[in-house]
Amino acid sequence: MPRYLVGRLAGMAGVLLLVCLFTYAVFFLLSPDPAVQVCGKSCTPERIDQIRMNLGLDRPFWTQFLSFLGGLVSGRTYGEGANAVECAAPCLGYSFQSSQSVTDMIWQRLPVSATVAVGAAVLWLLVGVVSGLIGAVKNGTWVDRVMTGLTLGGLSIPNYVLALVLQFVLVVQLQWLPFPQAVPFGEDPGRWFLNFVMPWIVLAVGYAAAYTRLTRANVIDTLQENFLRTARAKGLAPHLVWRRHALRPALTPVVTVFGMDFAGLLGGALITETVFGLNGVGKMAADSIAKNDQPVIMGVTLLAAFFVVIGNVVVDVVYTVIDPRVRVAA
Amino acid sequence: MTIAPTELEVELSADSGPGGPTQPVGPPPAASRPRLLRALSRDVGAVLSATYIGLIVLMAVFAPLIVMVSGWTPYEFDQTAIDPNLGGVPIGPWGGISSTHWFGVEPGSGRDIFARIVYGVRVSMTIALAATALTTALGVTFGLLSGYFSGKVDHAISRVMDFLMAFPALIFMIAVLSALPAGNRGSLLVVVISVFGWPYLARIVRGQTMSLSRREFVEAARASGASGLGLVFREILPNLRSTIIVMVTLAVPGYIGTEAGLSFLGVGVVPPEPSWGQMIASSVSWYSVVPTYFAIPGLFLFLLVLSFTVLGDRLRTVIDSGEAR
Amino acid sequence: MTATPLLQAEHLVKEFPVSGTGGLLSRGDTFRAVDDVSLTVAAGETLALVGESGSGKSTTARLVARLIDPTLGTVRFDGQDVTGLTGRDLHAFRSEVQVVFQDPFSSLNPRHTVERIVTAPLTYQGRKPPGGSRAFTQSLMERVGLDPQQWQRHPAQFSGGQAQRIGIARALAVGPRLVVCDEAVSALDVSVQAQIINLLRQLQAEEGFSYLFIAHDLAVVRQIATRVAVMSGGRIVEEGPRDRVFGDARHEYTRTLLAAVPRIRPEWEARRRARAAERAAAAPDPVPADATESVRRGA
Amino acid sequence: MTSTNRHPTQAGFLEVRDLTVSFPTATGRVDVVSHLDLDLEPGGALGIVGESGSGKSLTSLAIMGLLPDKATRSGTVRLDGEDLTAMPESRLRRVRGDRVAMIFQDPLSSLNPYYTVGAQIEEAYRSHRRGVTRRQAHRVAVEAMERVHIKDAAHRIDHYPHQFSGGMRQRVMIAMALTTEPELLIADEPTTALDVTVQAQILALLQEIRRDTGTALVLITHDLAVVSEITDHIVVMRAGECVERGPVESIFSDPKHPYTQALLDAVPRIDDEIGALRSLTTTGGRP
């Protein structure tokens, strides 16, 4: 297994490097000249050339890419002399529009994004697994059919539509909830909670529906397994048959899917944060797109890709822990 | 000898006669097309979904005719339908729904919502269908190749798939689309969606191809002289038909949603060309005053996605039950 | 046995990589499934290759049929080295050597009709079915004891035994001189199994082709083989004429294998035959149905 | 617990009467087992033989009350005079795995891959013996594994099913069945998935257990030679019905029903004279 893990980590490093290269190349080709942005409105061609040289933009692609990688590992300095700006490691780039390093910008907004992501994940995991179990137990009854209908609805509703519906009903019409604002938890836990309820629901609905279906299907499949017949033939009480023999095999795949989904949330929360105006990383990405602030977009893209790749490896490792067939070779 | 083993075998075989007490020896016959349709036609959800999809498709096809009847094109500004003193709020209840504007008008501009819905679906459907077609072509081809030719080919394709799936597709799509010139957004959308979408189909096709490749009929074909691509497309592809049908039906709503989402974020279809996602996006600042403005396109969008999802779900149920081994 | 046997495999070795070992640079471990196997099949005879699971017998069959390539060793057919054949030459080989597989359903493409399955070998080799595809299919179906009217059915519409007959028809389509049967009767019920064994023998008598018959069931092998080779751990441990191997096994493993086969007591069997002969002589009618009642509480 | 200290009852030890199992299909209910009677004395060995689709496996599940939900069952199953079909589920559960144990065809899929074999054997024991400590259960499990001749049982007990070979897994299944010293062991095709040498070992083990513990055995198989070796009574099933029954010797030496005769004719034999091949060739081919 250690050999396997080493291979896995090497593969992960490879994919991350490729993601960096690909992203960097795409933005290198597509993005508007950063020198123009730095220069500002009253600008002369000579000044642009100077800035370009100053920032190393005149150098070939590979040189620039290597200094970007260097920045990731050990930080870098943009420009020279009085105008030089420091970007500490891990440096994901520097936004000349906001005069801030991308890493700092992400750090400032990460707590909000994390709150949205973790809350939604807890919500969908609970709702999804519980309703999936109910669906499996009540398989074929009207309860199951109603739940199937609801999950199809949950899968189909675009989250910005749901966000607008919820806001209109709960905030405008019924006035049960305040309009979401990122209130820090320490300030007022009650308001913090009320403010995040809608974002959590909106982000969680699609996932909850998918997890309901996944859990239901897995449990129903597991109930057909021969070892369940063995457990019943042993005379085990139904609750033991369920708890020990049905749930563990049925929920193992859910755990792994959850790891992947959670790792991909940075991209997934973009719409939710935008709709509710929550100042998280996703909203920052959307705003940067509007402002054409390419270093920020690239930084967020890379970060999100890092999460997915690392999530992949974590899931693999977790799997070796929870599934003895992987953990202990025959 | 009273009973020859031949008779025994006939007696025990699957077609020993109707209602016989023997269990079928082989797997049940594969779901054929007419059987599929018959099973689906008994399902209320599937019928309703298919009907709605049919109506929407007709609406898209005959959009110019429909708009002639309703009287307004999607690009006309009707200043008489909005109140300039109130910042352009539609005149009349329910967002200005009236006999002239069936679904009301856009706040601020006074454009006819009905006409924009009718035209908006053309964009959404075209993009979703084109993206589905491209994704399916890519996904099936690479999935088949990867699943059948294990080793280097599989390794290379799988790495590309891993790489694409590791990408935060939404952010990246937004970034790329925002950076590219707005000239031909429609085809760009299709290409970008497909490039990031095919690995998900390919992964499933790959898995099925791998398990089919282990079936003896593939070996039998090889022993018959088949090799390489001929074997893949003649022997394996027909067995993937059901999978592909289901995947396609489920991909369409996904891409309708993606297109709407990208338009909602402002990197999709370029105004003034209407699209449902974009209509919902522009309704965000009005939702408390003119709820119909987001409710109508929202409902149309939701129902369309739901219909495809239900149809795909039912298709899968029918196919799974008919082909359970 | 003639000077040049129909099939001659020499020193075959097949190694498979062990999954999970080996990295980007290292080759990883290999598992030797077939370890220096040599065998010959003469024209018109049946060589049975017996062994337990993991003995390498199926891999050997696949090597001989050129479904996989050997790591080492050569396969000669009719004196000609066929180990490295490709393209047109391989097609020619494929029309001489055909395979019947274990699982009758798995070995028939569920999406294809009998017609398409049976004519596939010709199609893949770029030949036209003599007398038209339909007539050709029907004549083959008749030869293997199937209803020729069912030429357009799909495999799922047949029973296991019938499906295996389709598999045999497919093998016959190209007029092979060697048919490799890989556990061809193992998945079948005993009464159906007897039928297929019969069919295989009858076809051999008619066509004069040879069988390489892979099986784990020694009793079945006894019914069909002319010579027997016993495999264990990737090697042939004993080889010889059927009656010699069954009657006077020389290798320890063969003896263990033979001793392990469950048997119906010979004296019961002899009495049953005698009774059956009596009954056949006395009356051709079957025993009345209520005969079962009399033995119901026989204890 | 041997057969001698169990007083023989008038009705027999296992007495199945008029057992019918049916499944709903598109064309109505289909009887997969119909009007089946079975009798077994304490410590006896009954073989149920049939080809695929004969309903022999469903019979065993019907006796245990483990049929799938869709199936319906009628008739009675008496164990020592008690009707299992009339028992509430909670009491039936105390019979299952305690007085009647079962082993199945495919030992790999019949064992839960997520738990060690030890945990699964102990579980069987503890669920029927209240107040047993973990340590006692562990000891019983090790003993059971030793009894089925698993070498190094104390060490192997912590292994997972996938770490065992096919034959060893079936031994684990048997060990699991033995912990509660059942009066009846139902073995459903216990050796079909195994190699012939391993099959011989498992059959020998079943014989040994019967000899040592007096457990009664119901052996379900398609293999006539196997039943002829280890059972004393036989029921031949076809299409859900019993076509013939009787002591093993009379079935094999003088089968009355044409189906049984044909079945015996079809069995390929390893120890026959060559002349026996005629029974196959003469009826060969199709018209």
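Going in written order, the chains are labelled A, B, C and D, and every chain counts its residues from 1.
The rule is simple: a residue touches a chain if its C-beta (ideal position, glycine included) is under 8 Å from a C-beta of that chain, and two chains touch if they have at least 3 such contacts.
Note that the structure is predicted; figures quoted are calculated from it, not measured.
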Look at the interfaces C-D and B-C and say which one is made up of more C-beta pairs in contact.
C-D
With chain centres set to the mean of the C-alpha atoms, which chain is at the far end from chain B?
D
Centrality ranking, top chain (CA atoms only)
B
Averaging over Cα atoms per chain, report the distance between chain C and chain D in Å.
31
Where chain B and chain C are represented by their mean Cα positions, the distance between them in whole Å
47
Chain-centre distance (mean CA atoms) for chain B and chain D, in whole Å, is 50
Chain centres from averaged Cα atoms put chain A and chain B apart, in whole Å, by 24
Tell me, which residues of chain B touch at least two other chains?
1-3, 5-6, 8, 12, 25
Indicate the residues of chain A shared as contacts by at least two other chains.
none
I need the residues of chain D touching at least two other chains; which ones are they?
51-52, 258, 261-263, 265-266, 283, 285-286
Which of the residues in chain C come into contact with chain D in the complex?
52-53, 145, 160, 189-191, 193-195, 197-199, 201-202, 216-220, 222-223, 243, 246, 256-269, 271-272, 275-276, 286-287, 291-292, 294-299
Please output the residues of chain C touching chain B within their complex, sorted ascending.
62, 65, 67, 90-91, 94-95, 97-99, 101-103, 105-112, 120-121, 124-125, 145, 154-163, 167, 170, 174, 189, 191-192, 194-195, 198, 280, 284-286
Can you tell me which positions in chain A touch chain B when the two form their complex?
15, 18-19, 22-23, 26-27, 30-31, 148-149, 152-153, 155-158, 160-161, 164-165, 167-168, 172, 264, 266-268, 270-271, 274-275, 285-286, 289-290, 292, 294, 297-298, 300-301, 304-305, 308-309, 312
Mind listing the chain A positions that touch chain D in their complex?
225-227, 229-237, 240, 244-245, 248-249, 252, 323-325, 328, 330
Which stretch or stretches of chain B touch chain A in the complex?
45, 159, 162-163, 165-172, 174-176, 178-180, 253, 257, 260-261, 264-267, 277, 280-281, 283-284, 287-288, 291, 294-295, 298, 301-302, 305-306, 309-310, 313
